[in-house]
Structures are given as structure tokens and as C-alpha cells.
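Presented sequentially are two complexes of chain A, the first with chain B as partner and the second with chain C.
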Partner chain A sequence: MHWVVAVPMALLALSCVYPVFFTVNNALKDNKGYILNRFGIVQDPSVQNFVDAWGRAHLGEYLFNSVTVTLGAVVLLLLTSSLAGFALAMLRFPFRRVLFIVILASLMIPVQVVLVPFYRTMMGLGLINTRFGLILAYTAFFLPFCVYLMTAFYSRLPREMVEAARMDGATLLQIWWNIMLPMGRPALLTLGILNTLYCWNDVLISLLVLQKERTVMVGIAALRGEYTTNVPLLCAGIALAAAPIILLYIFFQRQIVDGIAVGAVKG
Partner chain B sequence: MSQIVLNNLSKRFAGVEVLHEVSLSIEKGEFTVFVGPSGCGKSTLLRCIAGLEEITSGTLDIGGTRMNDVDPAARGLAMVFQSYALYPHMTVAQNMSFGLRMAHRPKAEIDAKVAKAARILQLQPLLDRKPAALSGGQRQRVAIGRAIVRDPDVFLFDEPLSNLDAELRVQTRVEIAKLHQTLGNTIIYVTHDQTEAMTLADKIVVLRAGRIEQVGTPMHLYDDPDNAFVAGFIGSPRMNFLAANVTATGLQLGQVTAPLPALATTLAVGQQMQLGIRPEHLDQTDGVRLPVTVEVVEHLGATAFVHCRLDSGETLVAEQRETAARPGARLDLHFDIARARLFGTDGARVR
Partner chain C sequence: MARRSEQTTALLFVLPAIAMVGIFRMFPLVWGFLLSFTSGDGQGGSVWVGIDNYRQLTTDTAFHDSLINTAILLATLPVWVMLPLLLAILIHQGVPGGKLFRAVYFFPAVLSAVIIGSIFNVLLRYDGTINAALGSVGIEAVDWLGSGTTAMASLIAVALWSTFGMSVLIFMAGLSTVSSELIEAARLDGAKPAQIWWHVILPAMRPILEFVAVVTTIGVLTSMFGLIYVLTAGGPGTSTTLPEFLIWMEQGKMNRPGYASAISMVLFVGMAGLAYVQIRIMSRNANG
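== the complex of A and B ==
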């Protein structure tokens, strides 16, 4: 009976692992080696493609941009969504429900629909070609979902905890920092991981905001030529771009699995 | 001067009035218990005093100062919540010191106060544990400890024992009573359990549907209830109520005629009344005789609750020290009419 499960699962795992193998394998070939033998295992491995990608194709700089922007956006997202979730779940103020519904509704607007007004706004604010502008853009686009998740998560915590802190003399900000932020850890972890992936992998928004400089995903996209593509170089770029995310996954594997479970139950 | 004075305090939630012009004064050092069935507004009243609910109308004075709009933390109160509301990510010591840390007290003072509270509540070995690693009774003590370190003028307890098992509840109840004797602070305590109210209170406030029914010492409420609700609520098992008809010779209780108790009010012949008899007063050998059929006997060891049915179909419970009653058997119960209480059909006491 276990074959029924094992075989499809093995195929599924293979379908995930093979592209990684293909990328790394070809990144180690030169262009000629690739053309002569696309699918075979590399004969004469060389790191020249990585050196070229890092230097000549500027992926080193782009990686730095990506790290800054992703880190900035994720930190900003977690702080603001936790604050908003705290307010929406625990505090009573006029139009709370309406506000929450508006935030929920904004979840349904695809990014593409607002690209033009978004671009004009960024222009007007002088945020085009700044990393800060991209951080703000990511925060704006991904915030509704984060607020929704944090509100749902905090709604399940006992309100008495907040009341106890009020009796203890804590201000709202102190309650948020000392109680809600640490209590929100499982949900914040989930959001941290999800948003890191979104920001890191984004091409569209990044392409619009950062036009002179680039993030790594845009840089990789630019490695594809109109007529010819240096596939081993592209593979090396992809491997470089994927490396931080894979490292992140290896470090936080347990928390990622826990975090997804939290999202599944509480989302 | 009274420490806490409520004057015509009302509370409305979205148009529904849950507290109706409650007026009450609580003396310094007094242990006051708000008691009543669920939904009677006792917790809401406590939360209004705590500042967790806004007062719709009326005034709240604490220590002679109007406190209606004062921040909860500035009212000189500490509260123990039903769920304890401990901060799960902090250790016991951090939980207890949270309020003092928020007030930016010096570290030495914080440590001394936490150590003192831990000593009083025997929490020293648990100071470095997280709440998840504590038993229910221990969490309860931490919640009390968190209130003690703030040195409040008034402690507020919101059904603090309802999450504990029966044995621990009795034990913690005694601890709270001792704590009150040691610290001498004013305590306001909310419960739906009349036993807790009777055993702990200096003063009981009985609430029903957002109104105060009666205020008094436990024995005053037990002996001299203002109405059938208070009479029924205070005392366990609850008071028996029998339909009574005033006749020229006395009170007609089914086939039995009882003499009229001494009253200041003159009753009209034919008037319908309710006669309240406490189960523990049905353990006599003389007085008014009530022939009954025994239905169930609950033996508690020292006493037994004998559930009976009168020939009129009314049921009553007698508490007897020594009983040979068996289910199905006929039994004669006796009571002293002077210990029975008379109520009108509207529930108001007739004295």
C-alpha cells in the first residue's frame, strides 16, 4: 500500500530537485561544453561562470541591492502589520470593522491594475531609483495580507492579557512592544518567510522602481539575450540568486514548517 | 470616609443598559463580594471600577477623587483576572515585575518587592519558570503576586477560583482570606458562587439583572433577606419556597395549617404568600409538621440532603444530621415558624 504514496512522492521530490541539479550542473560548464552536452554531467567543472556573473554581470552589486531592499521591506512589514493587527484585534475604535474590510478588499486588487497610478505616485514623491522607494513599494503591496494574518492571529489571543497590561500601567505602544510583538512570534515568522520570498523573487515592481540599479532577479532576467543566451552564465546567476534563500531555508527549516502550520490553522 | 463610592452608576453597551443606577459605598479594608447569577452585571461593575469599561453615567469616586475618566493604572487598583492573563513569554518574576518595570522603578526596589510577594505566596522556587510550566493553582498565585507587587489600595478579583478544581478552590479561598488578613487592603471580589461569597466577604452585594438586590454582611443576608431572590441565592442548598394562603387561623400550606409568624404587617385573609424554609431548619422534632414522601437521599457524611415531595406536589429539600429516610418512605418534617421567612407573590419580603 505504501508504494501508492511513495512513488508519487518520489516523483514530486525529483521534480523539485532536478531543476536545482540542472542549474548547478550547467553553471559549472562553459558555453561550448553546454552546447555539446546539455543534459550530461559536467566533465571539466569550472567556477568561471560564477566569477563572471558576480563581476562582469554585476550580480554582486545586485545581490547587495536585493538584500537591503528585502530586509528593509520585511522588517517594515512585520512592524507595521503587527501594530495594525494589534489595533484591529484588540482595541475598540470607531469604524474598526469598516477599516478591516477595506484592508481585506485591497487584497483583491492585483498589482498590475495599479501599476500606472503607482508609478506616477512614485515619480511624484521622487522615489524612483531609490532603494527606500522600493522598500516602501513592497511594504505597500504586501501589507494587506500581513495585516489580515496578524489580525486573525491576535484575535485568538485573550483580550484579558492586554487589559492586565493596561492595569499594570503600560501604554499602548509598550503593550505592543512588550506583549503583542513577542506573542505574535509564530505568525510573524510565517510572514517573515513569505515576504522574504516575495520581495526576493519580485521582478515587476523592482523593474519599475529601480531603473538604474537593479535587484538580483531583474539582473538575471537581463542576462537573457534577445537572440542568444549564455545559459551556463544564466545558471550561475540563478544559483547565486537562489543561494541566500536556500541557506535561509536550511537555517530556519523547523520554524518554516511550524510557521506554515500556524498559517494553516490560524489564517 | 468610604474608600470607593459609586453613585447612580450606569453602563450601556450599544443601547442595552446592563447596569442600572448602581449606588454603593465600600469602606477601607473591607472585603466586598459581588455575587449573582451569570449575566447579572457583576463583572461589568468590577470592570467599570477598574477602568476597563467606560462608565455611561453616574460617578465613581476612589479615595475621595472622581475616577470616571482616570486611566486604569492611575486608580491605585490591581486586578486578578479569571484567566489569570499571565504573559506567556515571560518568567514568573518578569510577570510579577512587569507593572513596576513599566513605571520605571529602580531595579533594587523591583527585586525587593518581587521577593517579598514571592515569599508571601511561596513562589520562590518558581520565579524562573514560564507560566506554561505551572499548575493552575500556581498560575493563580502568580496572578495574585503580580497584583501584590504593585502595592495597590484596592485589589479586584474577577472570579479567580473558577478555573480551579474543587479541592484547590477551597484551599485557595482560605489563602485569599489569609492574604486579606495579612495585607489588610480593600478587596472587591466577583463570584457566582454563594459559598465563596459567604465565606470570604465582610460585605456581600447581591446583583440581579444590573441592579443591586441587597447589600449586607453574609449573616445579615442569610437571616434577613429583603426578597425571595436573595433568600434563594444565599444558602446552599437553596431555601425551599412553599405556596401559602393566609386564613383566619394562620397560614394554609396544602393540607397543613401553620400559625402566622410574628409580623409588623397585617395580612388580609385569602392573600397568597410564599413561605421560605431553609433546608437546615427542617431538622427538628417539634414545630409545624409537614408530612412528605422521600424521593432521593444524598448522604454527605456529616449530614444528608433529603429531597421530598409534599402531598400538594411541591418539592423541598431537608438537611438532616441523622436520618433513616429511605426513598419512597413517608416522613414527617418539622420546622419552627419563627425561622421561616414570608414573601409576597412578587418576591418582596413581608416582615
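== the complex of A and C ==
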């Protein structure tokens, strides 16, 4: 009985990894090799497509843009959310509850719902076509979940820690930097990885904000249009764009799993 | 004295987060609401047109089609919830290879919609890989992405394939929290495995089921853009155009900010109720 369900489940699992094999396999062929033999294993592999994708199709540039923007946004997200989470979870001040709800409530406003006015706001602030603008945009749109998670995480830590540090004369800022940031490491790691995925994979916000320089996902979408007939080159581009994410998946599965399950289940 | 300055410091700590969501989400929402009552005057300015944009929506066939497509998409939701639940139960029951399946199933979910869309575009388009394979065994080619009847089905299938693993993970996390004493007690009372599932485990899973249903619904309403953008571009015609894609088309190609904002407002109202439920579940879990 177990094997009867295990076989279809195994096929489903196979389908989840096959596209990656398909992509890498075809990226190593030349165009003629692909058309003559779409499924077969590559005969004489060549990295020429990767070289072309990197240089001629500008993916090198796009990857650099993506790395800059993703790093910037993730650092900003972690700093702002742990600072806010620390205050919301451990300190007493007026409107604490209201502010938490306001931040959570902004989850109700996905970017599609504010596409036009958001673009105009960015325009008014001179942030269109700047990497810094895209960093701020990602921070704004991915922040509520981060604040939620950090607040929930810090709520479970003993408050006496803060009291003790305060007795020793530490300021709140020192307490945050010296105690809360190191203590928050597991949650920060989870959030760092999840948000790296979100920023790297985004296409809509990036299309809107960075219209001259492209991030790698916008670049891939464009590449698909420009090189429709050259599938191996497209595959090489896809492989380059997906490689960092596949590495994250391999090394940080646990954190990704934890991050996805949180919010649904009391952690 | 110290007390007061500490309250100020605490407020300052929350300020960056509040400023970010305020400037880039709350303020644009209000602005968008106002914009939805205006129309471009052709010289870069805008004029107040009252509810004209909304009136136009009632006769706009592209908008109607996008709603019908949304309805079709929502009709498939039970599959989006029940299939992962079934898979999670089977893995939890110790199917051979279950641990590996769990890890592999959510692999597509970490890939970008653009990556998945591009790969499936190569596979599914008319001169693509799948048709070449079908042709080699003598089956006539199907225009998966180019025909109105199959394009939406292809889009839904690819979207489902690329996200089901996430729900499997959430269900598995939920299953691991069901109290084993409860299950043991039922077993001692002579309940059969099927009865235990139906009367003990599934009721305990109710909050998780709710969560997955809500999150999936929000997901299909707001995160299909990337996939549509590279897989079908909303076409053929409007057969895979969802409201979020229509908003993009209206604001970009046709340069009608007021009209795009009106569609945005409709989407917002539709979403707000769902998001409210999600936030309630999340804040319940955070405080519990």
C-alpha cells in the first residue's frame, strides 16, 4: 500500500527538480544541438552560452544590480525590524498596540493596489531609477512580516535581561545593539534568508522603480523576448539567475522551512 | 523624567518602520483612492471626473474578463488546499522517501516566478519542447499558451505546481503540533486510524487549514504577476489577464492612471477582507 502512493509522489518530486536539469543541460548545448536533440544529455558541453549571457546579454551587470539592491534591502529590513520589534515587545510606551496593528495592517496593501500612486510618490522623492529607491521600496513592502516576526520572537525572551542592563546604566540603543541584536540571531537569520529570496525574485517592483538599469529577473524577462529563438542562451541566463537561490535552498533549508511555517503555527 | 525620555526613545525605535509603511503604502493608498476619481487631461495634469472611472468599469470587457478569470482561478482553490494536505498526511504517515519529498516539493517555491515562467514558456509554447516530444510520437501539437481554452489552465497548473510545496510544509508543521497524548487516548479507546484522522487530527488542524486557505487565496490574487508577465502576457486576448495584470497594463501601456487606480481600489476592497482575517490569525498566534 505504501508503494502505491510512493510512486506518484516520487514522480511529483522528480517533476520539481527536472526543470533545473532541463535548463542546465540545454544551456550547455549550442542552438543546433538543442533543436536536434531537446531532451538528450548534452554531447559536447560548452560554456559559450554562459559567456554570452554574462557579457553580450548584460547579465553580469544585472546580477551586480541585484546583489547590491538585495544586500541593501536585507540589511535595512533587519535593522528596522529588530529595532521596532525590540520596542514593541519589551518597552512600554503610548500607542504601542496601535502602532503594531498599523504596521501589520499595511499587509493589506500589496503593491498592485497602489501601483500608480506608489510610482508617483517614488517619482516625487526622486527615487525612480535609483538603486537606493528600489532598496527603500523592498524594505517598505517586505517590512510588516519582519516586524511581526521580530516582535513575536522578542516577546518570548525574558524582560529581566533589559532591566538588568538598564541597572548597569546602559542606554536603550546600547541594549538593542549589544543584547537584542545578538539574541535575535535565529530570527534574523531566517528573515535574512527569506527576504533575500523575495528581493532577488521580485519582478513587479523592480520593473516599476528601475527602468534604466535592470535587476536580474527583469533582465531574464527581457532576454526571453530578445532571444526567443536561442533557447540555450536563454537557459544559460536562467541558470545564472537561479544559481544563488539554489545555493541558498541547499544550505539554508531549515531556516526557509521555519520561516514559511511561522505565522501559521504558534512557534 | 527617565521614564518619559525612555518612552520617547521607544517611539523613535518604531518610527523608521512606521515611516516606511506610511510613506510607501498608506499614503499611496489614500492618494490612489483620490486618483481613482480623476482622469488625465492629456497635458500631464488631471481633472476630477467623479465616479466616471468606476462607471466605465461596469462596461469594460477586459475588466469583466479579468473578474471571470479570477473566478475560474478561485474555483480551483480546493485543489490548492487539499492536495498539499493529502501529501502532508501521507508524508506524516511515513511514506517511503517522505523526508526527501518534503524537501524537494518546496524547491520550485523558492525559484522566481520569472525563472519558472521562462522555463515553462520554453516547454509549453507552440514550437516548444513538449510539442516536439508529442510530435515525435505522432500526437498533434497543442497551442498550450496561445489558445484561449488551454492558456488559463496552463497558467493555473504551473502556478499550483510552483507553490504547493509551501502548503505541504505548513501542514507538516501543523501536524507536528497535534498533541500525541490526544492521539494515544483515542487509540486506547479503540479508534481506527481513519477515525483518529477524521475526529482528532483534522479538527486540531482547523486553524492551520484556515491559514493556508486564506494565504493561498491572497497569493493567487496578488502574486501571479511575474508568472503572467513571462508565461502568457495576459493573453491570448484577455484569457489570462487577472486584475493585478490589468492594473499594470492600464498604468503602463495606456497611460490611464485614474482608471488603473479605480481597478486598484476594486482589488483592494476584494483583498481587504481576506487580509483582515490573515492579520487576525497572525496576531492571535503572536500573542498566544
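What we mean here is this: the second predicted complex is superposed on the first by the 229 of 267 C-alpha atoms of A that agree within 3 Å, B and C clash if a C-alpha of one lies under 4 Å from a C-alpha of the other, contacts with A are read in each partner's own complex, and residues count from 1 in each chain.
Quick note on the criterion: a residue touches a chain if its C-beta (ideal position, glycine included) is under 8 Å from a C-beta of that chain, and two chains touch if they have at least 3 such contacts.
Please read all numbers here as calculations on a predicted model, not as lab measurements.
**Q** Could you say whether A:Ala105 touches chain B, chain C, both of them, or neither, answering first, second, both or neither?
**A** Only chain C is touched by A:Ala105; chain B is not.
**Q** Answer with first, second, both or neither: which of chain B and chain C does A:Met183 touch in the superposed model?
**A** So A:Met183 only meets chain B here.
**Q** In the overlaid three-chain picture, which partner chain does A:Val69 touch, first (chain B) or second (chain C), both, or neither?
**A** neither
**Q** For the overlaid complexes, name the partner, chain B or chain C, with more touching residues on chain A.
**A** C
**Q** Which of the two partners, first being chain B and second being chain C, lies in contact with A:Gln174: first, second, both, or neither?
**A** first
**Q** Where does A:Tyr249 make contact in the superposed view: on chain B (first), on chain C (second), on both, or on neither?
**A** The answer is second: A:Tyr249 touches chain C but not chain B.
**Q** Identify the partner contact of A:Glu163: answer first if only chain B is touched, second if only chain C is, both if each is, neither if none is.
**A** The answer is first: A:Glu163 touches chain B but not chain C.
**Q** Now for A:Pro19: first (chain B), second (chain C), both, or neither, which partner does it touch?
**A** second
**Q** Mind working out whether A:Leu191 is in touch with chain B, chain C, both or neither, as first, second, both or neither?
**A** Touch partners of A:Leu191: none, neither chain B nor chain C.
**Q** For A:Val203, using the defined touch cut-off, is the partner it touches chain B, chain C, both, or neither? Pick first, second, both or neither.
**A** In the superposed model, A:Val203 contacts chain C only, not chain B.
**Q** Identify the overlap between the chain B-contacting and the chain C-contacting residues of chain A.
**A** Common to the two interfaces on chain A: residues 171.
**Q** Using the touch definition from the top, list the residues of chain A that touch chain B in their complex.
**A** Its residues touching chain B are 158, 160-161, 163-171, 174, 178-179, 182-183, 185.
**Q** Would you mind writing out the residues of chain C in touch with chain A in their complex?
**A** Touch list, chain C to chain A: 6-7, 9-11, 13-14, 16-18, 20-21, 23-29, 31-32, 35, 87, 90, 94-97, 100-101, 103-108, 110-116, 118-123, 129, 132-133, 161, 165-166, 169-170, 172-174, 177, 207-208, 211-212, 215, 222, 225-226, 229-230, 243-244, 247-248, 251, 257, 260-261, 264-265, 267-268, 271-272, 275-276, 278-279, 281-283, 285-288.
**Q** Quick one: in the complex, what on chain B touches chain A?
**A** The touching residues are 50-52, 72-74, 77-79, 81-83, 85-89, 98-99, 102-103, 146, 150.
**Q** Going by the contact rule set out above, which residues of chain A touch chain C in the complex?
**A** Interface residues on chain A, with respect to chain C: 2-3, 5-6, 9-10, 12-13, 15-17, 19, 22-23, 38-39, 80-81, 83-84, 86-88, 91-96, 99-110, 112-122, 136-137, 139-141, 143-144, 147-148, 151-152, 155, 171-173, 176, 197, 200-204, 217-218, 220-221, 224, 231, 234-235, 238, 241-242, 245, 248-249, 253, 256-257, 260-261, 263-267.
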